[in-house]
Amino acid sequence: MKEDFKKRTVITPEGKPLEIDPVKDYFSDARPKVHKPANPVIEKFANWARANSLWVLGFGTGCGAIEMRPLMTPRFDAYRYGIQWRPTPRQASVFVISGYLSVKTLKRVVRTYEQMQNPKFVVGLGSCTINGGMYWDSYNTINRLDHYLPVDVYIAGCMPRPESLLHGFEELKKIIKEGRGEGANKYAEEFDWYKANQKKVIKDWDMPDYNW
Amino acid sequence: MKSLLNNIKSRFSIKDVTEQRSNLVFIDVARESAVPLITYLRDYEGMTHLVLLTAADWIEENEFQLTYLLNNPEQKFDIGVRVRISREKATMETAHHLWEQVATYQRELKEMFGIDFPGSPGVDKPFILEGWDDLPPYRRDFDTKKYSEDTYFPRPGRESNDPAEYMKKKMYPNEK
Amino acid sequence: MDFGFKHILYALLTVFIVLNYGLILQGIVRKIGARVGRRYGIRWYQPYIDIIKNYAKRSTITHGVMFYIAPVFRLTGGIGLLLFMPVIFGSEIFSNFSFAGDLVLVLYFQFFGVLGMALGAAEGGHPYSAIGVSRGLSQVTAFELPLTLGVLAIAMQYQTLNITEIVAAQQGGFLSWTLFTNPFATIAIMFSFLGAMGRSPFDVVLAPQEIPIGPPTEFHSGLLGVLQLNRAIFPAAKLILFMNLLFGGATSWPELVVKTFLIYMWSVFVGTVFPRFRVDQSVRWFLVVPLTIAIIAIILIRF
Amino acid sequence: MRSNILNITEDRSQFPEKNAEGKIDVDLSSHKYLKLWQGPQHPGITGNMSLELTVLGDEVMDCETHVGYLHRGFEKLMERRKYIQCFPIVCRVAVPEPDFNEYCFASAMEELAGIEVPEMAEWLRTLTLEMSRLQSYLMWIGGQSGAFGSGIIGQWANYLRDLVLDRFEELTGGRIYHMYQLPGGVRGLLPDGFKDRMEETLQTIEEFMSDIEKVMFNNAVFKKRSVGMGYIDPSWVDKFGITGPNARAAGVAKDIRKDYPYLKYDQLDFDLVMGKDSDIYTRADVRRRDLLLSVDLIRQIFAKMPEKGEIKAPTPNVLHWKVAPGETYSRAECTRGEYGYYMVSDGTEYPRRINVRGPSYTHAVALLEKMIINTNIADVAGLMVSLHTYPPEIER
């Protein structure tokens, strides 16, 4: 744990000592809640909107990010299917894990994922998110993404072509429209299992258990 | 290049010289004379460009080999200065004052091989890994496959497609 | 002006129509931008889906009371701007709450939303929000100067602070538009308009590559939905304001659509071609080019 | 001639005051400074890395580059793979330009194993390297204009890049990763009609590049942002190990294609693309002209290469290929500078050690950390892109 996150005593501007515990003071450590789907009719309409407005978080976690650019540019133009990119996790609804995740990135990915709002979807891009792919024996990349985050769609390939990305997004839309895109609730329900897996891999855990 | 090698030989104790190409020579030197040698090469022989600094692990001989690859941009040739240091007490003199990027290389070597460079700025700060608690990963005795299988929940079913087996069947079917 | 229940209904009707117009305009303009980039672009109704999606988000987190108030302030800025000026000249229904001093109030509403965002963004605690707000405030201050001077020049020219009267004075052929009767004020105001629309080269507030994405970084779900509503209403209201001031207003909805669309295109063309100014460059530009022209406009009116 | 946020020509290089270690004393509790993290989740950052900035107002006071988010341990993985098994993974080291990895790996290995590559294979390798350079520059142009907030150029450039990737697909079967340059040669000949389609692509690129020159390089706002920004002193070139266009824009003639002609570059006729002002604009211009040079080189390659020929030297059984012990270093000029593989063989079927020298290693860490001081937050992204850094080759 870094120095900045340790419990310590600081001096306030008035000159009084003050006990602080940054991880507790600055962040909420409440557990995530399960948000049950509302009335089926409303939910159906909402799911239609969610499926047609996929805001992808602009976070290229691995080499798959290189095919995200052709996806958003003239040749493949995913905008026509309601897929847009969003630079901040608060507003994004789809997290594309573009390729292998090193442990250092996984920590940021977990933080970022938890900052996204329910409902949120995860797309695992590339073989390396499925079973490690080329890097199955590497000491620094995770092998199975679904042990750390609830994954909705996997897109196989190294590197998957933009066409297969588009196909993957279409699959995701189907899943959402059928009301099966409940990854965020699954994460909340099996929170302890996910956290145990994450903590097994991320050795220096210096953040709250859930990043609101 | 010949005159340069003679110059060096007259000033420093050189263990061995290997001519790999007409424009690439590897020089083996003792630990003490390495940093003075590269300083000399940089300041007097025009080897002003440091191409890379890296290490190799010769675990059988219980030694690390450090390679400083220097380049002469004027006369277009390279000299690799090779130093052997003990694996047990892996420390080396720092050269961060010679080139700005050396501090970064040394940070990486400290992290990946566990070779210490006392005095190099920020050498103890983690560079690539975060929260690493095993052997330095580039050492030969660190088994990355075992570590990965122990840590990262391997997905069963991968072993059924061994590329080496497949290639053998496809390319050399007659071989036993 | 006697104030009655029906005026509230009329106002709501205006807001509804302008909201839809703004959303469609937003979709079409994004499509035009995409076509320049050789893309097909989004579907024209995509902004509607985005808003529904944001309201359909199930969870919201809070950073405090002001965090909720900020989007409301922002939306107030947009709706306020719209409601205090005549949308369709000569129509009883769409004249809204235009009154004798509405020009001053309207100028104030330009600033209002940014102040609201400043409060909310500070509460959000994200450093990029704070930087975005400080950038936004400095740029708004910079382009408000030529804008206000230009508007004053128009007010002096027509001897009134009432937008309805300004529009009335411009009726009777396009040669009586402010565009032709007071070209310097028009140029100054149209330059300020570029800043007010917040597209390149003056999109220093959102600037995704620099401070992604500035003040709204922390806003999400329904709160973002409110901001998106404002993002549809506010530009449309601004377009109507500039149309009223400079281009003779509109006497019917089709005229309004044509005029505002063309005015918007001015900002879109510039925005498509140019990269982004740094904030100090943008401020300096506003304080040199448009301000000089605005001062000339004032001087010309005075003598 | 360096501009700061106030555009006043006073010397701000001594501000803030540095301590003995060359760093400033940042007292965060004084509320004067703000710590900003740009990245890893930040659209202005190339790839997956992060900058820890300390800012005072809008001015950056201190910067630390954090890398390692893309570390896969290639150098370790290669030690436990046979030489032929290394070949498909080397291209994954640097994603936007896999071919330079393939070439450097193959040539280092061929040198140690003493294999002569047939002439036709050398021509084809030269061709893929130049095509790779082309697509990498096209991607970079989008990044550079995007960092200054102009999205249109990025769209056009990506459209062109897709065309080049199409040609790659025809030639190698792969869009991003080609795995074309086997140790000993290449995997295939040119398909029928390839030259005509390539010529068509090159013409489209030239056409669009003249548009891009008008919209980007003659744009007043782009000039305002980039001229005089991010100055690299020529004396830094050796001190920081700067190579490639970054060095050439500073007026230092460094190009491996000319200095150490590899493959068929000694038979091609070209002049180095040089600049002299060494700011963001000059670097961008050098890259643009280098891109057009690539177009020209591809035409020359087509004109000079033979129609047919042997494309692969005979190699021993690749599954039990023991490479003679020795060490070597092979280099190539990629779009960012000197790309090199340092290979140590101990005479077994597995390489003893392979070290990849990516040019971004020095550009993105030591150089960027120095250059970023006293610039505006708004310019950080543009400055970083102008050094053309790719994080995967820093940490491998």
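Should a chain be cited, it is by its letter among A, B, C and D, assigned in written order, with residues numbered from 1 in that chain.
The rule we apply is simple: a contact is a pair of C-beta atoms (placed from the backbone, for glycine too) under 8 Å apart; a residue touches a chain by one contact, two chains touch by 3 or more.
Just so you know, these numbers come straight off a predicted model, no measurement behind them.
Asker: Between A-C and B-D, which chain pair shares more contacting C-beta pairs?
Answerer: Most C-beta pairs in contact, of the two: B-D.
Asker: Can you figure out the chain closest to the middle, judged by Cα centres?
Answerer: D
Asker: So what's the Cα centroid distance for chain B and chain C, whole Å?
Answerer: It comes to 60 Å between the two C-alpha centres.
Asker: Measuring centre to centre with CA averages, how many angstrom lie between chain A and chain C?
Answerer: So the centroids are 35 Å from each other.
Asker: On a C-alpha centroid basis, what's the spacing between chain B and chain D, in Å?
Answerer: 22
Asker: On a C-alpha centroid basis, what's the spacing between chain C and chain D, in Å?
Answerer: 43
Asker: Identify all positions of chain B at which a residue touches two or more other chains, and write them in rising order.
Answerer: In chain B, 128-130, 137, 142, 144-145 touch at least two other chains.
Asker: Name the residues of chain D that each touch 2 or more other chains.
Answerer: Residues 42-43, 68, 71, 73, 76-77, 80, 154-156, 159.
Asker: Among the residues of chain C, pick out those that touch two or more other chains and give their numbers.
Answerer: Correct list: 37-39, 208, 212.
Asker: Taking the touch definition from the header, please name the shape of the chain graph: line, ring, star, complete or other.
Answerer: Shape of the chain contacts: other, as it matches none of the listed patterns.
Asker: Contact residues on chain D for chain B in the complex?
Answerer: Residues in contact with chain B: 21, 67-68, 71, 73, 75-77, 79-80, 82, 84-85, 111, 238-241, 254, 259-260, 317-319, 326-329, 331, 338, 340, 342, 344, 352-353, 355, 357, 361-362, 365-367, 370, 395.
Asker: Residues of chain D touching chain A in their complex?
Answerer: Residues 29, 40-43, 47-48, 68-73, 76-77, 80, 88-89, 92, 95-96, 139, 142, 154-156, 158-159, 161-162, 165, 175-177, 392 of chain D touch chain A in their complex.
Asker: Quick check: in the complex, which residue numbers of chain C touch chain A?
Answerer: Interface residues on the chain C side: 34, 37-43, 46, 49-50, 52-54, 56-61, 208, 212-213, 216-221, 224.
Asker: Help me check something: in the complex, which residues belonging to chain A touch chain C?
Answerer: Residue list for chain A touching chain C: 33, 35, 45-46, 49-50, 52-53, 55, 58, 73-74, 77, 79-80, 82, 84, 87-88, 90-91, 93, 117-119, 184, 212.
Asker: Can you tell me which positions in chain B touch chain D when the two form their complex?
Answerer: Interface residues on the chain B side: 18, 20-21, 23-24, 26, 48-52, 54-57, 65, 67, 69, 73, 76, 78, 80, 82, 99-101, 103-105, 121, 126-130, 137-138, 140, 142, 144-145, 163-164, 167-168, 171-172, 175.
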